[in-house]
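Heads up, the next two complexes both have subunit A, just with different partners, subunit B and then subunit C.
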Partner chain A sequence: MVSQHGILLAVSIISDHFGPLVSKVCGCLLRHGALPLQEIVRRLELSPGQVKNSLLVLIQHNCVQAFNSPRGSGDKTATHYLANFDNILHRQRFSKFLSVIRADIPESEALLEGLLQNGRLTFDQLVERTISKVPEGSITPSREEIRMNFNKLVFAHYVERCPKPEPFFDPLVDEQSTSTRKRAKTVEIALSIDKKVVNTASLSDAERFSEIPYIMEDASNANDSTHSSIAGTKRKHNALEVDAELNSTIAENEVLWRANFEKFIFCLKKKFCADRKKPKLKVGTHPIWEAFFEASLIERDNNSVTSPINGILERVGQKEGGTLMTLDHITRVLEELNCNPSSEDPDSFILDLSRIVEASQNEEIESLVKKKYGHAAFTIFRLLVRDGCPMETDKIIDTTILDKQIVYGTLYKLLKDDYIETERILSGTGTGNLQFFVWRVKNTFREQFIDNLYHAALNLRQMVNYIADLLLEGSKDDTKLRNRKNILILALTRHDDSLMLFNGF
Partner chain B sequence: MPPRKRPPPPVKASDTPPETKPKLAPPSRPTAAAASPSPASSPGPRPPPVPILPDSILNAFPPPEREIYKLVFSGGDRGMTQTEIRTRTRMQPNTLSRHLRSLTSATKGVLKVVNSVHKRAEKMYMDARIDPSPEITGGTWYRDGQLDSDAVAAARRRCRDQIDRLGGVATADAIFAGIGRDCPSTAYSIEQIRDILRTMALDMELEEVRSTGVGEFSDLRAGRVCYRRGGAPQGGMMEGIPCGVCPRVDECSPDGVISPKTCVYYKKWLQMDF
Partner chain C sequence: MASRGRGRGRGKWPGGGYDHPARHTPHEDFPEIALPEMTCARATVEEKAMIVATLKFEDFWRNSCYHLEEDAPKKKNDDKEIERYSDRKRKTQSKREALSSYLKLTPANFPAELVQGSKRGQASNKKLRWDRGSDDQPFEVFEKLEEKHKEGDKKTEKDGDDEDEHEEEEVEEAESSDDDYNQNIEFDDDDDDWNQEEEAHEDYYD
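On to the complex of A and B.
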């Protein structure tokens, strides 16, 4: 379940992008979970038309997933709507996603922009949009060129076919997704209902990233009269049975495409981990570290990076001082950097990013504790987190070698702000009852920290909107206000990295 | 229940350094600090190293004072608080205070008051001839019941310097041997050095790692715990905005009395007049 300020943040984003009515519907779904249309109407006291239109907008922009669920006994089903919190938050990262494409496939940036702005489009609609955006006097790209650039996005998994619009899901039955996506197979903890619905709606990887087929012009001309009846006709997708031309037509006219947020988040995760570790690298290891990331191939999952040794060597050789490095040296450095030979392919090295992510999360929390409560709090907090079990006051004093009064004061401050909890232990001895206190880290401190992150993001957004309103009203301090707004937007962009980090990317 | 502080190895009287003092073996009486579920399993107090005052002296004291002295003497080098004495003797507080004043006075002086690092609110009494145990005084890092910050800082500095001298990464044993060699006037025990190193690792001033036997660890056996200088502190994304360190964040809400629009920290951060 999303925390209180997480919901407020999501509602704020939807309100800014689509208006208060849509945000009301979104907020209702986030607070109460998946609901059918009638239930939303009842709770919000809006007309069915208003709710329906709001849901259509949210579905169009991938913020809500519909699914069919059994209703009562018998064969009756009802359509439920589930808000996708992660996708809502991704809306404030579109500029980061575009910068990823700009660096990788710059010629396809405009296509991605179209998908991000419109949520989901057919290829035909994308072509229409691209052509309409061409400035006067510029060369209009051909359909073939647009298809080629679009397929580059599909091949790199930046773009995917939209999931099933209304799959069947019974919450009472522990349904396993039929998708071949490895993430569903390797999840060891119980998935929430939300994740199960998303998995159920997902297409297989082969289908999800199936490119738009390229058809020869000559072959299509000969059968024009036959295929003119296809427009507006619905057919089931079956790549094996329909000929290539029909397949291509369907892929261009009927299939809805959207940005694959998972891929973009993974790209940002890689960049974050690569940059995060750089300050800790010893002199001479930076080229190898950078080359490892540059040489990575299509990823097997969202938690690791795999690179072939040949690709690493090639890129190391292109860097300053790289030609002098031997294979043994590079291999040893990679292992020191926790890049280990892959068990599936001994000529590749694999790096588990989750360790870097977890360490970064701990560093962020510890750093904030240090800033807010002082160095003693930092030491004590790290001790309690590391040990993970209740620790008696005197033991804390002995281990940290801090003054007792400082320890007491610090423990109280951390206790008051819910970072730690305490328990009184009574011990009967010959001289009478003695009591002492044991302390441990509260198991909800991470959730609380994440909620504070959401709260901070919400406040930054509110300030940006406030200054935007002041600018609209007109002020003699326009330049100052614009500068303040830019500071806030930059802070929000940086703060968003924290949000991604603590959502595990 | 074993004592919380491990006793240092015995040292010759001539080698006693100014920073430490010879410690008496603490009695194995269960202490308030122990979270032992079975106090009955704890060994009783060990016999104090000095004999009890002879009857020829004790008989000169009034019977209540004699009883108080014997009771306090039985506490050995861990002493006894006034509360404990009163509980056992069932004396009135005023009466007890009067007797204790007499026993600690300059004329009799058979008992003394000691500052306990753990029970600062209460006075602790023990035989005037006995040195208080490290558990009362706090051990090496405590002087007169107060943390000796200078001693701790000096020990940390020496550990840091040794790690630099030993090539940037070293085991606790090597650091201990190096300090003993370079600073013979100090007489840290290996356990004290380990305690300091663990604290420095908690502070992230040092990093505790396991040797791999290769690279920078080529001089060390694989698997051994080593210490090296910690890297630059990372983190701090949340601290760059006012909300991150705000003490009133729990009271803040979009339209509340405390909100971003009314926030004095935002005003200061953005240098804005609302």
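On to the complex of A and C.
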């Protein structure tokens, strides 16, 4: 389930991009889960036409996934619509996705921009768009050139074929298998249903990233090559050609393509982890750390980076001081940096990013606690986080070697703001009724923290919109207002890094 | 009347309780506040490019066919009625293209119930806009350019070397447009009238 401010933020993004009508429909789905069309119409009291158009826009931009689900008893099914919260939030990071492509495959940046702007397009539409944007006097790129640049994106998994528009999914079938667990948390099931729908709709990897085939357009060439063959094989060859041509036509005219957000988020995750650890690296290890990331291959999952040793060596050699490093030295440094040899391929090294992500999350929260409540609070909070189990007040005082009054005051502040919780334990042993308190970190403190992050992002967006309105009205301080707006957008861009971090990327 | 310390002798109140009656003040969405000094790092070249890209995206969607209006569809022919100011205003606003021009409305792409009865395949010879062109309002462009020149002299001194060196790499589009995304991203760090006084650091997420 998405938190309150998360929903408000998502609705604000959709409202800015697609208007209030679409945002109402989106908000309804985010708050109530997957709903059929009639239910949305009923709840929002809008016309079916308005709701349909809104859903079309949301599906086009990958913010909603439809699925067919049984309704009531019998064979009846109904189409349900499920909002995709992550994809909605990704919309404020499109500029970051573009910068990833700019660094990796700059010649394909314009194609990606088209897909991000329009959500989903066929290859034909992309070609039409590319040609229409060519400035007068410039050379128009050939269709072949565009196809080549496009296939580069597909090969690198930056772009994928769109998922099925209306797959069949029966949530009850899955629930039965988990009914043996008596205390099934509804929150967990709700989360997994969302993910299950998305997985059901996804195509297989082979299909998702199947490039647009290149067909020889010159028919005479094909005929020449079959001159010497027997009549039967010639016919078969022609049939194959027709099939291939058909596939190519379908891939160009009919298949809808979209940006693969997973891949972009993973690239940003790698960059974040690489940059995060840099300040803590020992002198002389920077080139090896950088080379490791530069040499990474297509990843198998979204949690680790794999690089072959040859690639790493090659890149280290290109860096300053790299040529003097021996293989032994490099291998040792890599292991110190938690890049371990892969079990599948001893010549490759794997780095698990989730540890860096988790450590960064803790650092962020601790840093905030330190700024807001002081160093004492930071010490206590860190102690409770690291320890994990409830701790008695006296033990906290002894371990942190802080003054009793300071500890009491700090614990109270943290309690008030819902970072920690307490339990009163009565000890009836002996003569007196002893009571003491135990303290522990609230297990929902991360969710609260994320909710606060969403709230901050929402506030920033509202501020930007407010200034945009002022600019529209026109004022003498146009330049100053624009500067303020840019500062706020910069703040939002940087703040979004924290949002990504706390969503685990 | 004996006041209880805080009161200012307001006289006899029957409840004998409160000293500060509720005052209705108008709600301010964005009250002016003094913000802390901006000590965080300046925008890098990459970040400036990201801001330009963000503004371009937002501008595109706002003017695209995907941004649905909440208004009721067009009124019937009302020649006899007096033309209202709002009608005139609506006419000058640029028309949005049809959603069906860009969406491939087939059951292979969208749920069947959403594409039933929709017009399939718009006249394919209709040229689509794809991106709102920069040639719509040339005069405003000139005005903006003039303004930029005036400010430009002041700004280039402050913003310094890094911007000059990377100017060519940074500029994505040579075409001038009246929209936000084409203005120079300059941060008026030194002349920020938000920072009136020095204050203790506010919390911010690192």
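Here is the rule we go by: the second predicted complex is superposed on the first by the 462 of 505 C-alpha atoms of A that agree within 3 Å, B and C clash if a C-alpha of one lies under 4 Å from a C-alpha of the other, contacts with A are read in each partner's own complex, and residues count from 1 in each chain.
Everything that follows uses one rule, which is that contacts are C-beta pairs under 8 Å (C-beta built on N, C-alpha and C of every residue); 3 or more make two chains touch, one makes a residue touch a chain.
Keep in mind the model is a prediction, meaning the values are calculated, not measured.
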item: First (subunit B), second (subunit C), both or neither touched by A:403; value: first
item: First (subunit B), second (subunit C), both or neither touched by A:466; value: both
item: First (subunit B), second (subunit C), both or neither touched by A:79; value: second
item: Partner chain(s) touched by A:367 [first = subunit B, second = subunit C, both, neither]; value: both
item: First (subunit B), second (subunit C), both or neither touched by A:425; value: first
item: A:347 touches, of subunit B and subunit C: first, second, both or neither?; value: neither
item: Which superposed partner A:144 touches (first subunit B, second subunit C, both, neither); value: neither
item: Subunit B versus subunit C as contact partner of A:495, first or second or both or neither; value: both
item: Subunit B versus subunit C as contact partner of A:456, first or second or both or neither; value: both
item: Overlap of the subunit B and subunit C footprints on subunit A, listed as residue numbers; value: 364, 367-368, 371-372, 453, 456, 462-463, 466, 480, 484, 487, 494-495, 498
item: Subunit B residues touching subunit A - in the complex, by the definition given at the top; value: 4-5, 30, 32-36, 39, 84, 87-88, 117-118, 120, 141, 146-147, 149, 152, 195-196, 198-199, 202-204, 212, 214-215, 231-241, 243-245, 249, 252, 254, 259-261, 263, 266, 270, 272
item: Sites on subunit C touched by subunit A in the complex; value: 29-30, 38, 40, 43, 46-47, 49-51, 53-55, 57-58, 60-62, 64, 66-70, 99, 102-105, 107-114, 127-128, 130-131, 147, 151, 175, 180, 183, 185-188, 193-194, 201, 203, 205-206
item: Interfacial residue positions of subunit A with respect to subunit C in the complex; value: 16-22, 37, 50, 52-57, 59-61, 66, 79, 92, 94-96, 98-99, 102, 114, 116-120, 122, 125, 128-129, 132-133, 135, 162, 165-166, 254, 256, 364, 367-368, 371-372, 453, 456, 462-463, 466, 478-480, 482-487, 489-490, 493-495, 498
item: Parts of subunit A lying in touch with subunit B, wherever the complex brings them together; value: 8, 276, 279-280, 332, 336, 360, 363-368, 371-372, 375, 378-379, 382-383, 386, 392, 394-395, 398-404, 425, 427-432, 434, 436, 438, 452-453, 455-456, 458-460, 462-463, 466, 480, 484, 487-488, 491, 494-495, 497-498, 501
